[in-house]
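Letters A, B, C, D, E and F mark the chains in the order given here, with residues in each chain numbered from 1 onward.
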């Protein structure tokens, strides 16, 4: 598959997206106007996507593929962000890191009176049938679809393998996180995109209504804002506020070097763990580590610059 | 306690409420403007409260005290409302029916960047410290406080016995439903107001932020709109759309008469259950029942008119 | 209510039951012919009910009202019956002992092809609509309705308050055990009959089919045969094979006297627990206990004879 | 291993099976006479096995290896069969489809009086020791052993690796579904036969009794009849009534072609998902799809005919 | 019952206890010598019991009967004691406060080789049969028996109604907390002593061994030391280190007065909750509260002194 | 990595261990003096490690790599050891057998007063900061670290990938069993050492205190003594008392030959399972099996002797 679409098509995408974006904001039950999104993510240091979401740069997304949950924990807890992690998921492809920008969607239990009104409002804005595909069609390269399906299993299958495949194409392999279910697990197992879900079920989506696109949502005990940097590993998923992305990544570089060096020393079989970890006690070892850290950081920075 | 406040005080309440109501709508993360509330509850056949919520009349609230879950189920499922019931709660006072108008509140896991912005916005609108009391201070007589605390136990205690007592005073004994916890259970057990919660914990509320007042929320698998008629019994809680309130109550009258007659016949010990229930097979019995039903309905209507 | 029906009516009941009994045996999916029932309960020392079930005598039922789970455990485990207890129920009336003869009913998930055939067979035998009431209408005084509803909650409500009331009348207050749900808990709470269930739900029974009446069933980890002596207390429910009923009751008399004496001695405050319990160490105490036991047993036997 | 046994041996198998089949039917607690089996599966359009079970033809079993849960769901729900799916299993070999004819077995908690009688009856019919192997020895090529062990873990291990291996040989790799446990997981992991179970445990089977062979059973929320077409994938297991087997398979062919085409279009990267899925909006695309569907169906039918 | 034993008997008790205490310390698997107990509870400001446990004075026990979980939480969290609370229990008598000094007992799964050795060691120290009664016989007035039975239900029943009654006599109504089960719930329900347990079961204690008496134990997530002040209410149980007992109680007095005043003001119906709670904003009200607090504290202190 | 350290280094290890071992025994809350360890494992037939633990010989460890749970169950239940198995773990490397000598560690919820005292005592014995590494630094080749972290997930992560790597080096690939969590699962997944844990979490260890090293501990329902032979397979973990190790292994040899022969006969496709399993009925087959068993046992013994 070709992720590098021609420039012209990209512009078309942009315009199309802009059109789609305007409409649902007015049509959906949980409205979260563009200005609100911008206000509540005011600390974002990066550009924004056409829909107003912070755009964590592609280069940082690339670096984030090396992250694990523990790399992220250190920075986030220091900054007082203790509710950005969710776990307890089934993983479609353990070992494949999930990285992307959060595209959030909220569903609620179907309620005919409210849904009729929402569909009527949507129709006025040119949307026939407000549903999961309304949101899916808005996905951009680099996005991770993050869906609050309130843990629903039966009828709570946000996608099957066809739309799963579409998401892979549209997000360039971004990924899916759903506090709910998927169907067609046999098909999904063949498609190489990271996915986190609570359950699988043979039923298609039903008895729910789409209530928000790119609104603040909750996934388990985590608070997710549109545009968050989403990183998932075997343990679970972190939703990193954009303003912390760079700091997380820089700190992770140090953690990786630290672990590299620590294991090297352990492999020598000459030290008790506490002589080396979490930091070397002996001044000579301390110095050795500091030099190693500096050398490797330099290498990494050089590498990053060259990209 | 005197629920019948003097007229003057009522007006003051009204004005105060109006003031409070305007502010949070703009300050909260999940905004749900007054017009949206009116649009999405357009089928409401009753007056509205100053804050825009449908006002199910006091007379209907009184009648609703005789409802049980099964009375409600029949009408709601017929109309396609299958997601208006929530159960699995601990009850503070089993046997005491919960009845009132839904005043909804939403909390989410604390996220400093978003919360700081929300608090700043609140301050601009004159609210110092957006928190549980911001919502609680807006409660009206006849309200039931319905809180989405996302099932949180530790730090998820929306009130202790002091605020529980306040709610009883402010709502005239309305009640509380929280998908989360309360604290001070010993104290709450002494206060005669129906309450439904998931758990208790000695910790006070913390690590959460208030994100919406009188916005659409989810309680378990139920979809709750501000102004819904809330009815709770030993089994759980129903959130009845206002436009269905009258129909539910009328049908319940018939169900009660049916059950009354059915049990009378069973008590005679002359019939197999299927001869009487769910409806009598024998034409004579059928007639007897129809006459009984009519007579009792007449009595009830007379009684209702006299009130 | 008058449990003592006139003799004539009793005969009518008997004949009616016999009619009903013959039919379903042939109509139901899980057939368990009368001869099988008799073969598999061949150790029954008592008369049989018209439907072939062992009839634990009324006098023993009366005595059984004094039993608790622990009284029963001792005899049953000694005889190698380790799977006759089920717990984990919600109790409608804790503190009210459940006693009666097991009338078993089995439901299974609805399957149209099988159900159509079963209904057709039932019709041939004169039964219109094979369903919960088919079984309920066959209940006799002294019965406890024991229902395998495979733990189903939604749509798994074997009865609401109307049929619950009927069961009380028909069984003379026998009781209900259902590995499934009931509805109308508010109504049931007003009716003075012991009941054990897994859950409550506002939905009526549905999406299931009746597959057996008075067939061997499983309730949790317990194996229940029609005619078992059912005894329930705050802890759970025992299903006692009729051939062990007398032995259980006799042993319980001794246990009660033992506990009576033990507590009396403890109340004196002069002994360490191990001097008295489980049996007194001191020869003088041993003798005192033996005499007490004999005296009380004599009193009990006299009392039982006088009844 | 050679699944294609010589003809002579097959006849011997048949006769042996017939002998075994007659006996247990009379010996087991839950009797389900051959005529009942035939009556309750009267809609079966295929031949029957010697034991009376519908025999879904081998050619359909082969086609069924391409099925996934979602392929089956569509047809079954349309026909009103909503209780034919069970999930929540541990899979021995995820990714290996389970296909075969249901051979059902029911166990219940051991009860000495009933078991003694059952063993005595079995002995009269020439069976020494009614137990798991009584049923296992009756398995035929193409069978899947489906066991109701009521979710039991400790002592609820229907087989270890030896009998697991035997089942593979006897059923020609058919498979095992048990609402209970297996032991010897290390050994089972080496044997290439699909298996679905709730748990593993080191204890051997015990404290249970065999109560039915080829009787209707319940697995989770599913109703299983002997001879059902069993299909299991990563999500769970479907028990398909034989009369629906062909329709399920034909519809699955269309679903597969639809998904194939849908993904091809998505891969082109030119369409929003709703333009293509669930059906193409544009008339030209609609036509393209219809032609593709027809062409592929023709190919498949040709292929099926050639086999 | 007479809790006030004559002085002579008390001395006998003391001596007996001393004898018993010395022996098990040496006989039990988890040894915790008297000196260790004293070292690890060195901050205890009170006298000690003969067995070395801190002896929170009877006067403080009396005051503690007015405590609720929330009163305790405030002081403990301030001091960094976050693991002294356990909940999730079944309560024998909700509404009856549990208060006493922790007498801890630890059981572990039976292991014949270790148990044989322990029994042999016990015999050397004059204890025949190390078991639950070994510990129970050592209970003193004012004790609460706190048992780590590792959550065991079947065979994990530390006492039935006989020993439960004994504990009531021996501890003068102290109470029981067991991370495990009790049996004879019907009997226990008649005995007026607070008790907290995880489950009930008809089996007697078995398949376990006594491994420690008055050793540090864990109950759920709480760390319990012998001699801790145990306080239980409807929410759960707190294990308060003796050195914090007085501070907890003094602070609770203030909390109670605060809540009293707060509710009085709320009852007036003139204030929004935030004007009064958690502390009054208006200087006049602040003063009013301060005066009220002082007056009531004075009353309480006078009352305490008079006792 | 080189597991075969030079002799000199081994002696150093020994001395260092001896030093470390003496200290913590006195410093830890749960003291278990060397003499106690020796007393309670008096049946150990092998040498002891410097710390007093039984030393199951390396040759037996090697043979144990062929064990599965079922091989062990047979011998242990026969000897009355029914509480030596724990399951319900997540496995880092399913299919990789865990074998080694139990090195036990106990943590409890942090309690500042007790922990301060423990740290002070540790300091006196030369240990700065009693914590997980205090124990980890004492690990010997052939050890399996077995940790009672009372099922804690958040803050209950006994190691991350760095210390996990250290354990692999120090124990020569022995392994880890923790009734609690690990962190850095991504890193751990790359390190080839068997590990059993309840959960993973990004938090580091915290809010706990080390209370015992090489003391008797409980893991789930299993009782673990220091020096037990630990064997883990896909099903769970067995803790085998050293005195039973040889018998378990010898019996396992027979079980393996039995299973080998049984499967060979099944593969021939000529027998019903009950003709062969669990033992052959036919005298000729019986003889064939006996000869096969003898021949294979001889081969195995020869092989074992040659090593």
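Rule of thumb we're sticking to: a contact is a pair of C-beta atoms (placed from the backbone, for glycine too) under 8 Å apart; a residue touches a chain by one contact, two chains touch by 3 or more.
The model shown is predicted, which means the values in this text are computed figures rather than measured ones.
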Subunit B to subunit D, fewest steps along touching chains: 2
Third chains touching both subunit E and subunit C: B
Listed chain pair E-F, B-C or A-B that repeats interface C-E [over half of contact pairs the same by residue number]: B-C
Same-residue or different-residue interface between subunit B and subunit C, half as cut-off: different
Most widely separated chain from subunit D, with each centre as the mean of CA atoms: E
CA centroid of subunit D to CA centroid of subunit F, Å: 39
Whole-Å separation of chain centres (CA-atom averages), subunit D against subunit E: 56
Approximate Å spacing (C-alpha centroids) for the pair subunit C, subunit D: 37
Interface hub residues of subunit F, defined as touching at least two other chains: none
Full enumeration of touching chain pairs: A-B, A-D, A-F, B-C, B-E, C-D, C-E, D-F, E-F
Touching residues on subunit C, where the partner in the complex is subunit B: 1-2, 5, 16, 133-134, 136-137, 160-163, 165-166, 169-170, 183-187, 189, 200-204
Subunit B partner contacts - residues on subunit A that touch it in the complex: 29-33, 36, 39-43, 79-84, 108-114, 117-118, 121, 150, 152, 207, 211, 215-216, 218, 221-223, 225, 241, 243
Subunit D to subunit A touching residues, read off their complex: 68-70, 72-73, 77, 85, 87, 95, 233-236, 238, 259, 262-263, 266-267, 269, 272-274, 277-278
